[in-house]
Amino acid sequence: MYTHKNLASLFKLALVVTLISSASPLFAAQMAGSEKDPLIVVQSAEPTGLDPIVDRSVPSYSLTINIFDSLLEKTQDGRNVPALAESYDQESDTSWLFHLRKGVKFHNGEDFNATAVKYSIEKILDPASKSTRARDLNWIDKVEIVDNYTIRITAKRPFPLAAHYFTELQIVPPVYREKVGAQQFKLKPIGTGAYQLVSWDMGNRITLKRNDNYWKTPASIQYVEFQFVSSSTSRVATLLGGRADLITDPPVTAQKQIEKNRKTNFVTATGTRVIFVGLDTLQDSPLKDVRVRQALNYAIDKDAIIKRLLGNSAAITSTLLTDKDFGFDPAVKPYPYNPEKAKELLAQAGYKDGFSITIDTASGRYINDSAVVQAITGYLSKVGVNVNINTMEFGAYNSSLFGHKTAPMYFVGWGNPVFDASYVFNFITMSGSLLRTIENPAIDKLLKDANETVDQAKRKNLYSQADKLINEAAPAIFLYKQPVIYGMSTRLNWSPRSDEFLYMYDARFIND
Amino acid sequence: MIKFILRRLIQSLVTIVIIVSVVFLVLNLSGDPIRMIASPTASEADLAQLRSAYGLDKPLAVRYVNYLSKVAHLEFGESLRTQQEALQMVLKRLPATLVLAFSALVLATIVGIPIGMLAALKKGTSIDSTAVLISMIGQAMPVFWIALLLIFLFGVLIPILPPSGYGTPAHLVLPTISLSLFLLAGIVRVTRSSTLEVLSQPFVNVLNSKGISEHLILIKHIFRNASIPVLTQLSLQMRFVIGGSVVVESVFGWPGIGQLLAQSAYGRDYPVVIASTFFIALFILVFSMVLDIFYGLIDPRVRVWK
Amino acid sequence: MEITKTKRREKGYFGVLVKHPLALIAHIILLLAVIAAVFANFFPADALEQDLMSSLLPPTLHADSFPGAASSFPHILGTDSLGRDLTARILLAIRISLLVSFFSVVIAMIVGVTLGLVSGYIGGAVDNVIMRIVDALMSLPFVVLAIAVVAAIGPGLINVALVLGFTGWVTFAKLVRGEVLRIREYSFIEAANSIGCSSIRILIKHILPQTMGIILVNATLTMGQMIVSEATLSFLGLGVPAPTPTLGGILADAQQTFFAAWWIMVFPGLILMAIILSINIIGDFLRDYFDTSEAGSR
Amino acid sequence: MSEQEILLSVRNLRTLIKTANGTFSAVDGVNFDLEKGKALGIVGESGSGKTMLSMSILGLLPQTARISEGEVFLNGEDLRTLSKKEYKKIRGKKIGTIFQEPLTSFDPLYTIGDQIAESLKHHCGLKRSEARIKVIELLETVGIPRPESVYDEFPFQLSGGMRQRAMIAMALAPSPEIIIADEPTTALDVTIQAQILELLKDLQKERNVTVLFVSHDLGVIAEIVDEVMVVYGGQVMEHTDVNNLFYNPAHPYTKALLKARPTLTTEGKRLRAIAGQVPSLEARPSGCPFHPRCEQATEKCSKKAPPMTVLENSIRVACWLYCHENEKSGEQPNV
Amino acid sequence: MCEEILSVKDLKTYFNSRTSTFLGKSPSIRAVDGINLSINAGESFGLVGESGCGKSTTGRSILRLIQPTSGSINFAGRDVMTADKKSLRTLRREMQMIFQDPYSSLNPRMRVLDIVAEPLIVHRLAKPSEAATKAKKVLDHCGIPDGSVQRFPREFSGGQRQRIVIARALVTRPRFIVADEPVSALDVSIQAQILNLLQDLRDEYSLTYLFISHDLAIVRTVTNRIAVMYLGKIVEQADTSVFFSGPLHPYSRALLSSVPRETPDEDKKRIILTGNIPSAANPPKGCNFHTRCPLFTEKCKKIAPELIPVSKGHSVACHLALKSSK
């Protein structure tokens, strides 16, 4: 055994040496990229893998959404429409019967059928997959194949958001995936989607080719190339130099420059991500007093922040919901900018001379976040609240955030791909939720009831009440809904999605 | 010579062990990597399960010993973020960094050595002071600043060069220049001072007294003698080159080991951080050993004696 | 910049300095930087006072041309994205950058010099262990180590100084060790031994003072490097946290406004460069001034 | 003297050195003639300008130094009018040089043979193989054992004595007319020094080479030269036959120097020390450079440098003691 | 009348060669290889030899500035070899050293007065103020005037520096001084000043010198007894006058004959030694000198000769010299 191990390591060493000495893959990428006129997308981060069973970060999903299809599909405006499932019947509160599209094939010719759906769901739930999505689907009780193209999915309890999760349930080819193994599948995924993977040049680019046998009309653009550049300056420069068609996360201040260029446009769309400052009332701090929390909300000029730091394209939020979310109540109004009122409230709470407090944040995660946090602290200092910024590396920030070890204030953005109040309130404003804010029995009760109500009108009403209470209790400094922004070349016709995913099926070159 | 190489090998081994230990220690001081990879909605039980799946639940000492023996077998494990073999990830990124580092090195050397020698030969003239001043400016500019200015100049103002990406020689130009400026400055200065040092040696006087032509003295004697400290400088500077490549690769989206390291360090992706650090250190050590052998080829005192 | 010993003997530091225009300019620039650092508070605009309505104003000399400005003083170098006066921020940044680099150099110096002295004077196994660690750290890029350490202990003014200090000591240790080995060979050390000086006395009284020159030179040059390193850390988001400005931090933030406000990228960059350049020139000047081969020369 | 052919002639040579504190003459109006086949010793203490003098003749002054006036004739050719290239040719073919430090005088990176062959290839147009044969011959001539293998050895592999022998071989390689030896034995042990001196003497006899021998050691000088020039403070104090130097010294400095040195016959005796210090280049006194240390100095000595006076036995001395007002002062070139 | 002040028996000092101790055994260098010396109070004992013969190492070993490998050293009835740190310090008050290179033997960053006063302070022989007075006095004796004692060494010429070195050695009033090539770095005209000073001080301070030099002429001038070293061993020892009138060992003879003549017409029969001094790391078998000896026999190749007295106070280590003297 020992010798075997030694041999193995020797072999590895030899491998290393050959790799270093040959360094042949050096300019090989050039050939792959020389396909005629690809659509070039420059993304800020590279996917960690392309297996929808395990990889579910935004950078990964932006690619897999092009390679894979789900049972249902989410439209621009958030409606769920059939995709790989031609239709479905909700048999009960906890049971769905899907009728699958026939004649759909994976890129390698493997048939799409009920087995593939069952496999795709069960693999996520299989602990051996170590999938981080397991918890997202843990409401599913069982998946039954009715016939080759019919499948029944049963839930453990009524689950109002189920349809949303079916839009995110990308279907993988079981035969192929089992054959190459999960490790390889991440790198060489095969789906039924509009595009198929040509090559993945690690750290550099992923090239996709149109699936000409797509079950819908094939996409307009033949090749799409995703490149990965973390520096926003480089991305913008690449766009301005005409070397990219679409870039993600351009700095808002680059808007003018991008618009000035005849060949590029600055594109904005409403997003789903709300930005707020979480206020942890469970630890000992002046924030325990609701008047202080309200004062903080009054103290910040959100208009100015949006205008100056977000390219004027964000929308003020009254709580943590946006107008697109189920449960949003337009009657609940955002806190206006009123520093006098803020001071008054602080004085009432006994902090006439203000106080000092710390805010935790990670930088580079949300649009212009570092400047926004500084602006917030600047406003707070004007009403006497002295805020000390503790910027953390994102990993550490995340641990302390979910480990409930943050400072009393923490700067967060919360995306709501489900467009449902539950996806926000359940995780943020409920007792014992993921983020620590308040523990308010009245709010808890409303939220719990809503969770188990399938009747949409009743649910809506419950959330409406909760929204109002949350606004008053101010478990956060409510800020704004972050837009989705891109830099785009004028030759490209494509509309951004509010869920931030780069779905290129609709994209067209204007002169084509 | 063989003894010498053997000795260097063992020294390098010790160095590598120290490095991987330092990295292990430092990484274990920091936050919980599982939080990074787990879904934000994961429960404590899920986390515990993941932790044990990645062997992060054992005591530090046990992990250290396991870790050392695994590193010794080049088993770095799977990346926590991508679930791929860390070794493979690093090896895939290695060529890009090598290309960048070597082109920066070559550029800095072929430009720096002649300038340095010229400055020394024209010591005290305006050529000399200009060369020295420029080299000092090169050392005074942070790499990222140079990179950003270059991007603005050649990517935006006069968009003749790609400001990001990898693949064609054109992509190599801006990163190479950004990375080589600091190195170039160092090489100019070392070449200058070592040339001056050689010029002050009596044997140069002897060569002159023999009536050997200046050309021959310069190429055959001064250059060869002066290149010895430059080699030493190169081996010392390699770590700055690799360090600089972390920044340069991030700015230019260069798919090298430096960018991978930065990303993995942020993501607390232990196996990848360890594997990349290991290979960076290995590369620097191999590089300095190759230079040492070069050194032996140039200098008979090293070659014959040891 | 050769300085003969006779000259130094007769004219003293400033006498020599005035003869070297480049070094003189460098001293003046550094002096100005120090003055800026010390008196940053007296600048009429507040480095932390934000006014979003005046964000990203270009450099101007007109004080009253922008209604709503936080102060009536002109934004000579413009404002940043929060409408903070860039001049005030740069002045404060100079202070922070100098402080951080100064303290990190002090830490590096204390650790490095001590270990270098011990290593060089005691020799043997102690020397071997210390030098192996030095070698190891020397083959690890600074950024790599710094990323790992900062990621572990978190950013912050003191942490950054600590990280820089504890990664910067190796050059001191190596240098001082080399010097100790060299100085040990001089007969005045043997003389000290022969008149009955203890090892500690020899180390402190006879060896250390000889290395002061080279330590000072290295400290100066290291300080320049530390400023760059701090800037690099800031660039990578691991530097001194906002809103406290450092030169590197301002530059890192300037990326966000790169295409809208050239001044935020250019001015602090130039000032950073000027300071580092000056420090390096002063380091070179000191190197010549102290002429380390002194003890053996005739 | 005059029937002999004069090989090297130096006229009123003055060499200036620029230091941080100003410009100083390192060599201050030196005149001499050297006949073919003779050996001239230049003796002086450190800082006396003796090395500067030999470097001025070789045209190998450091960047900070330059000859400000005077002429150097080799075989009647004024070397100072030559171009750099022509001077190089002269140095390579007609002048051989031996320096003090045999280790640093060789390029450490090339073999001994390579370095000796270099000038042969360069100036005599020999091919590699021819040069090798010639070099091995030369190495044999200078008494290096197993010359074939020494050819391929590096300078650091040889002992000091061997290196100095190799240096001599290198100087002899192009069969020069004159050899300038600057302290060739100073760095060597006494037994090795004896070997080298013996070798030089033999070579000089055999090959009838002219030698300019620079040394601080009167004993070494006594071994090898025919005439001696004593220099102090950049000036010639006395130029005399070697016998006269020891038995009939004229200049007070020469006298004092002879008395001050310990010899094998001075057991237990107190030495007659010369008071004071050798002046540095920058602190040379005006007038006669030796006057502050001279027991016989008068006020005149501090004001004006004495001219060279020719005494009987063709002893030439620069001292006011021998120079009377009515006598013709100044140099009398004996051409 | 002549009281023995220093007695050295079978002193050996070996060094490990500096090259790799990592792979393979490194040869030890036998710098001093079994030396016996007896020096009487008031004597000036010369130790002569060429570079690398171990004469300096002998001097340093006697002061234990270098740790000897074995042997015994007895100074004025006290055992130097086994002295602990504390008693060694006391001993060093009485045993001092003068160094060859006056440029490197003075701490360039200390003022002359501090340099000379330091031994007094280290040995707690005087309070700082007293120490300064004492130091000034000694400096004055050595020819450094009061007015310049606050200067730094670099402001002095070589000869003056050597005076400072001497003053430092004398300030603790030692009885025994090892002078290691004290004038070889100096110009001829300065050498005489220092040699005279050393002689004057010897009388004034009743000193005993171990005078180490490569220069036979100097040794002749200042010593009254002499030992010649070759490759770590003493080959001949005699009264100076006896030695110079007729050295017995072939090496001594060669050495003496190698000294450049004093005058041009001195008729001198040269014994030119062939070859080089062998390495002390790998000395020849038998007599160390046999590889270069013009007279060597088979016996010399095998058996190392002992240092044997041939007449009163004159010993020699040579198989042949013994025969010829008999």
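Letters A, B, C, D and E mark the chains in the order given here, with residues in each chain numbered from 1 onward.
We adopt the following convention: contacts are C-beta pairs under 8 Å (C-beta built on N, C-alpha and C of every residue); 3 or more make two chains touch, one makes a residue touch a chain.
Remember, it's a predicted structure, so these values are computed and weren't measured experimentally.
Q: Can you list every chain that touches subunit C and also touches subunit D?
A: Touches both subunit C and subunit D: B, E.
Q: For this structure, which two chains have more C-beta pairs in contact than any other pair?
A: A-B
Q: Compute the distance, rounded to whole Å, between the mean C-alpha positions of subunit A and subunit B.
A: Subunit A and subunit B have C-alpha centres separated by 36 Å.
Q: If you average the CA atoms of subunit B and of subunit E, how many Å lie between those two points?
A: Those two chain centres are 53 Å apart.
Q: Can you compute the centre-to-centre distance for subunit A and subunit E, using the mean CA position of each chain? Integer Å is fine.
A: Inter-chain centre distance comes to 85 Å.
Q: Round to the nearest whole Å and give the separation of the Cα centres of subunit D and subunit E.
A: So the centre of subunit D lies 33 Å away from the centre of subunit E.
Q: If you look at subunit D, which of its residues touch at least two other chains?
A: Subunit D, residues with two or more chain partners: not present.
Q: Which subunit B residues reach two or more other chains?
A: 30-31, 148, 152, 156, 250, 266, 268
Q: If a residue has to touch 2 or more other chains to count, which residues of subunit C qualify?
A: Where subunit C meets two or more other chains at a single residue, that happens at 151, 255, 258-259.
Q: Taking the touch rule as given, give the residues of subunit B at its contact with subunit C in the complex, in rising order.
A: 11, 14-16, 18-19, 22-23, 26-27, 29-31, 129, 133, 136-137, 139-145, 148-149, 152, 156, 236, 239-240, 242-244, 246-247, 250, 261-262, 265-266, 268, 273, 277, 280-281, 284-285, 288
Q: Please name which positions on subunit A make contact with subunit C in the complex.
A: Residues 231-233, 236, 251, 253-258, 301, 304-305, 307-309, 363-364, 368, 370-371, 373-375, 377-379, 381, 389-393, 395-396 of subunit A touch subunit C in their complex.
Q: Touching residues of subunit C toward subunit B in the complex: what are they?
A: 22, 132-133, 135-145, 147-149, 151-153, 224, 228, 231-232, 235-236, 248, 251, 255, 258-259, 265, 269, 272-274, 276-277, 280-281, 284
Q: Please output the residues of subunit E touching subunit C within their complex, sorted ascending.
A: Spelled out, the residues of subunit E in touch with subunit C are 60, 63, 65, 88-89, 92-93, 96-97, 99-101, 103-109, 118-119, 122-123, 154-155, 158, 165, 168, 172.
Q: In their shared complex, at which residues does subunit E touch subunit D?
A: That would be residues 50-51, 157, 159-160, 187-193, 195-196, 199, 214-218, 220-222, 224, 240-241, 244, 254-266, 270, 272-274, 276-277 of subunit E.
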